[in-house]
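In the two assemblies presented below, chain A is common to both, partnered first by chain B and then by chain C.
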Partner chain A sequence: MIKNIRKKINNGDLRRFRFWLQIFFFLLFVYGGYLSINLGQNIPTFACGFNSEGQGATCYLIPLQHQLALSSSTLFSMAGIAVLIGFSYFVLWFLVLNKGWCGYACPLGTIQDWITSLRSRLGIPYASYTWEQFKHLKKIKYILLVLMVVIPMGIGAGFFSHDMSTPFCMICPGRTLIPIFTGDFSQLTIDFSSKTKMILTTLGMLITGIFLAGSFFKKRFFCFFCPMSALHFMLSKLAFLKLKKDGSKCTKCGDCYTVCDMQIKEIADDVESKNILQDDCIMCLKCVSACPEEGALEVKFMGIPVFEATVEGYIKRMEKENKNG
Partner chain B sequence: MLLFSKYYKIVAIFTFGLLLNSELLASQTYWFSDTPPDREFAKKLSSSHDGLVLKSRRDGTSKLLWLREGEDPLTSTYVKEADAPLILLDAKKNLKTVAFKNKSYAEAIFKMPDEGFYNLFMIKRFVEDNTLYSITAKKEVLNHSCREGHDNIKEKMPPNAYEAAPVDIIRERMPRERFHTHVTSGDIVSYRILQKGKPLADASVTLVTQKGWKKTLKTDENGHVTFEMIRDYYPEWHEFKRRTRENFLVIVEYVQAQSGTLDDMTYDTISYKATASGSYYPSTKDYQSYLYGLLIGLFAFFATFLSVYLYRRRRLNVYQEQRLD
Partner chain C sequence: MANHKDEIKHPFNLTHQASEATRMLRSITDDFPDNPEAMNYFYDLYKKVYCEGVSLHENKKIVGTMCVQVPEELIYASGAVPVRLCNGFYTDDHNGADFMPAKSCSLVKATLGMLDSKSTLPFINRLDDIVLPATCDQKRKAGSMIADMGYSVYDMEVPPVKESEEARIYWRRSIRKFAGELKQITGKKLSKSSLKEAMAKISRAQKAYRKLYELRKQKNSVILGKDVFMVTNAYFFDEIESWTEAVNRLNVELEKRVEEKYSAAQRRAPRLLFTGSPAIFPNLKIPMLIEESGGVIVGDETCSSNRMLYDMVSSDEWHLNAMVDGIADNYLKPCTCPIFTKNDDRKRKLLHMAKEFAAEGVVYQSFSGCQVYSMEQASITKALNDEDIPVLFIESDYSPDDMGQLSTRIEAFIESLKAKRRRNRK
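Our next item is the complex of A and B:
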């Protein structure tokens, strides 16, 4: 019985499963509020809080930045416990899906996948970074993460203006784009009320424009720069969901690298590491589904295998792909 | 005549003790303000989403309100002493009694342990010249901290009515109004006037802004009245502050022919006067621009698109050495 279920999953069409799961999470996070759904404000993905009408949950980066902007005396007093409690809830949510939050649940990631799909249908080839570019660009998310912590703390200490509060949200394309889905266009403005607001909202609109064009050419364009992804990676070793590799079974055919939206080279090259998850990984599991070697790549939840590369599954998926042209 | 009436008022104020004694005057307008009379004292208070609050580790968040006299929010004087009963309708719809603290001025202080709207009522009734004067001053105060999250806000948004109030002024919520929403210039603000919980028709309702603009309308059969909040903030651009908070006052007056007895004194008319104060801010339309936002966004979008196109076009060109051959 279990063997049959496992076989069915391993032979399954991951692309279709992912498409529908992404739709589900998109509806949940963007329109859930209309059905009085509220999963709280510690969600480890871009369930944008600026989408005030429909939000079914709130991205953890909003309360984190608010809390870090508390005056230093408050932040480092008993009130700081509330910050730790919030972080604990975030970790608990994160542990369930690991970086799968990016690949399956993130509304901004889903929007990027839809844009990619549009480009693909138009027959326009995608872009990729050189190895040198890739190495430099991947550092940006850590810089943004540090700024996202330092700037709010600087506000609390009185070094920066309160107009800089939630600095990452101000430049996040999620703030400008996700509320549009519920008819709220108010985030598409430039705020001239102060120099700080003007600079931040201008940056926000510039990044939105670059995001739309960038994700048209480059798959998951923004995910390279996402500080949430950096935060995820720091906690990924604790997560229940794990991506495992058996290097002895790998032939370095490179299929996994070819299908990887994030251009992660290690997935093909590294035959030493058992835990193959990298900081840029969005756990879309396309690599597992494209792997032709029995058991070379495997997804485990709390040690229990849930999806693994099989020859049969690979052949079935290829046959389906060929049939669909 | 006008000069005489002004002179008469000044004399009356001095006769009754500059800023009044504990006895309220039927001819005057009383309202609650959360602006402290003393600037030094204001420094001890913390800002919140709805004006200044007192925060302490022992008592949490408390609100201070001062009783003021006059129809002009800017020049109204602070009452020095008052002994009228105060009733607090808290965020959980429980009724509590509160007493004035007559330190330097008549002030009311109450704790706000829960998130939501608190309503303070001062209700005073007395008979004079065969008329029963019913004076009500109301202030609705929001208690919200982003630190505590934004869960279940929709449930907490509807206004709470105090059915026993002789006249209750209820500000109806604006479309999409949430805890972070402020009344701004240009907004349509609607009120429902209730008399002992039932709609009061044909009552005279006056709205007075901080700069002294006023408009009087009559309530319809459902007790409704609607005003458009005017724009009256025109500073030099370099002096513009989007957080400029100005007070406005809503005054309801209604006279009813009804006989009765109060404290062994008979009356044949009831004169109702009720106030509710609020605050408004400059409209976002004064300082936010969709045009610039969209221009910047579109510029970034097309610049990125063009860059990728030119980069790809350059790569399609044949190499120099091939052309030479």
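Our next item is the complex of A and C:
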């Protein structure tokens, strides 16, 4: 019985599964508010809080930046406990899906995938980074994460003006783009009320443009730079959902690398690590579905195998691809 | 190509090569009982090609390949047919000796001998191009000799290290350049749809092969290794689609054998893996000796067989460059050819196969004069011995002279495996 279910899953069409699950989460996070759904404000992905009417949950980066900007006296009072509780919720949510939040749930990630499929339909090939570019670019998300922590703390300590509050949101394409889906274009403006705000919102507009152009040519363009992804990675060792590799079964054929949107080389080349999740990984699991080696790649939830590379599944999917593609 | 040997002496079926092939083929079919019905397709194919000299791939451009690293998808997509030239004839080995120093690889000498022969296989006379990946020294240097015979030779650059990113970039460029060369030859530019079709064609063949591969994991061996070598070796020159169909038919028959609990070898036959220098018809000397001595080859790790057919290519999106790059990676990264610097991938592969196939021993063939296989031998043997898998290392060439001595060694090895099994059972 269980064996049969497993086989069904391993033979399944991941692409289709993912497509629909992404739509589900998109609806939940972007329109859930209209159905009075509220999953709280500690969601470990870009369920943007600026989408004030439709949001079915809120991206944790808003409360985080606000809380970091509290003065130290407030932070060490009762409010501090609330902050800790908020963080715990964030961690708990995260632990369930690990970076699967990015591959399956993030509205901004989904938007990028839609743009990708548009490009692909137009017959335009995707761009890739060279290994040198990749090595440098991947550091940016950590820099953004540090700034996202330091600037609010600077506000709290009185070094920076409150005009700089939620600095990352100001430049995040989530803020400008996600509200559009509920008909709210108000974020697509430049705020002239102060110099700081003007600079930040202009930067935001600019980054939105770069986001759209970038993700048209480069798969998951923005995710390379996403500070949420950096934050995830710090906790990912603890998560329940795991991406495992058994190097003894891997032939280094490179199929997983070929399909990886994030150009993660280790997925094919590293035959030592058991836990193969890398910091850029979005846990889309395309690699698992493209791997022809029985059990070389595997997804486990709390130690229970949920999806595994199999020859049979590989061939099934490949034949389908070859017919449609 | 202008024919370089207009004065063909006599038809192929009268050559020494043809009688060598006939002898071997007879041995393969007659020395063993109950060959699978579906094997007749292959036996007949060899008979036609190597005994009767029937031509192949009429009206098609033919691209000869000299090693396993040449991406055949590209050749098919350009409208040509790839034919692997690595040759196993002792007669050709003998003739090829003039070209190479005394102690050189039989395979390279035999390939040279075949290409130089005045009365060679008909399709050899029709080669439009020969692609020579720069792999081992002997193959590399054979290139200009082949060119001197009048063939057009394309040197395909292969990085000596395959782990680095530089190697990947270099190799991808080398493959794109090769695609350009193919266009020169066939006049047909690669297109997305032709490449996709070629990929599908090869992946169907690989799918059939994988099925056969899985069937050999059965505890009851349903097919002998000598037959599988015949099957995979036919992939060198057969029309790919009929090859695939024939393998599928064989698989159906073997599945029936599984159901009937039929065993092609003796029930207690020690299960062996074959690795090292490739077994290529008619030089199936060692596989034959193994199976005549009561062992059964359940799997192999050689470039004439598993290495050639095992690894399958994926593509994320169907864009020409992405497809070509994906194909390129697939021909370099998993390749366990000993010309690369590291031995690790081959060790890992063999250890994993030994487990998968419940192999009790490994026979490692190295052609006398093949440096790379000999140099890797000690480290591979150690890795396998550490997992308690005995290895028989055999240095041999195409000449039949060492048969007696080899058969003694092989029999002793197989006996020792049986004794080991008895000891373990106690």
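The working rule: the second predicted complex is superposed on the first by the 321 of 325 C-alpha atoms of A that agree within 3 Å, B and C clash if a C-alpha of one lies under 4 Å from a C-alpha of the other, contacts with A are read in each partner's own complex, and residues count from 1 in each chain.
One rule holds for everything that comes next: a contact is a pair of C-beta atoms (placed from the backbone, for glycine too) under 8 Å apart; a residue touches a chain by one contact, two chains touch by 3 or more.
Keep in mind it's a predicted model, so treat the numbers as computed, not measured.
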* Asked: Overlaying on chain A: chain B and chain C, fit or clash?
  -> fit
* Look at A:202 in the shared chain and tell me whether it touches chain B only, chain C only, both, or neither; answer first, second, both or neither. => first
* Asked: A:193 contacts which: chain B (first), chain C (second), both, neither?
  -> first
* Draw lines from the C-alpha centre of chain A to the C-alpha centres of chain B and chain C: what angle do they form, to the nearest 10°? -> 170
* Figure out whether A:253 sits in contact with chain B (first) or chain C (second), or with both, or with neither. => second
* To do: Applying the touch criterion given at the start, work out whether A:286 contacts chain B, chain C, both or neither, answering first, second, both or neither.
  => second
* **Touching partner for A:45 - first (chain B), second (chain C), both, neither** => neither
* Asked: Looking at the overlay, does A:65 come into contact with chain B only (first), chain C only (second), both, or neither?
  -> neither
* Just the number, please: smallest Cα separation between chain B and chain C in the overlaid arrangement, in Å. => 13
* Asked: Do chain B and chain C land on any of the same chain A residues, and which?
  -> none
* Which residues of chain A touch chain B in the complex? -> 36, 38, 40-41, 49, 52-53, 58, 63, 66-67, 70, 79, 82, 127, 176, 185-186, 188-194, 201-202, 205-210, 212-214, 216-217
* To do: Report the residues of chain B in contact with chain A in the complex, numbered from low to high.
  => 146-152, 154, 176, 178, 180, 240-242, 284, 287-290, 292-294, 296-305, 308
* Asked: Contact residues on chain C for chain A in the complex?
  -> 163, 165, 169, 196, 199-200, 203, 207, 210, 214, 310-322, 325-326, 329-330, 333-334, 345, 348-349, 351-352
* Please name which positions on chain A make contact with chain C in the complex. => 120, 123-126, 130-131, 247-259, 261, 265, 268-269, 271, 286, 290, 292, 311, 314-315, 318, 321-322, 325
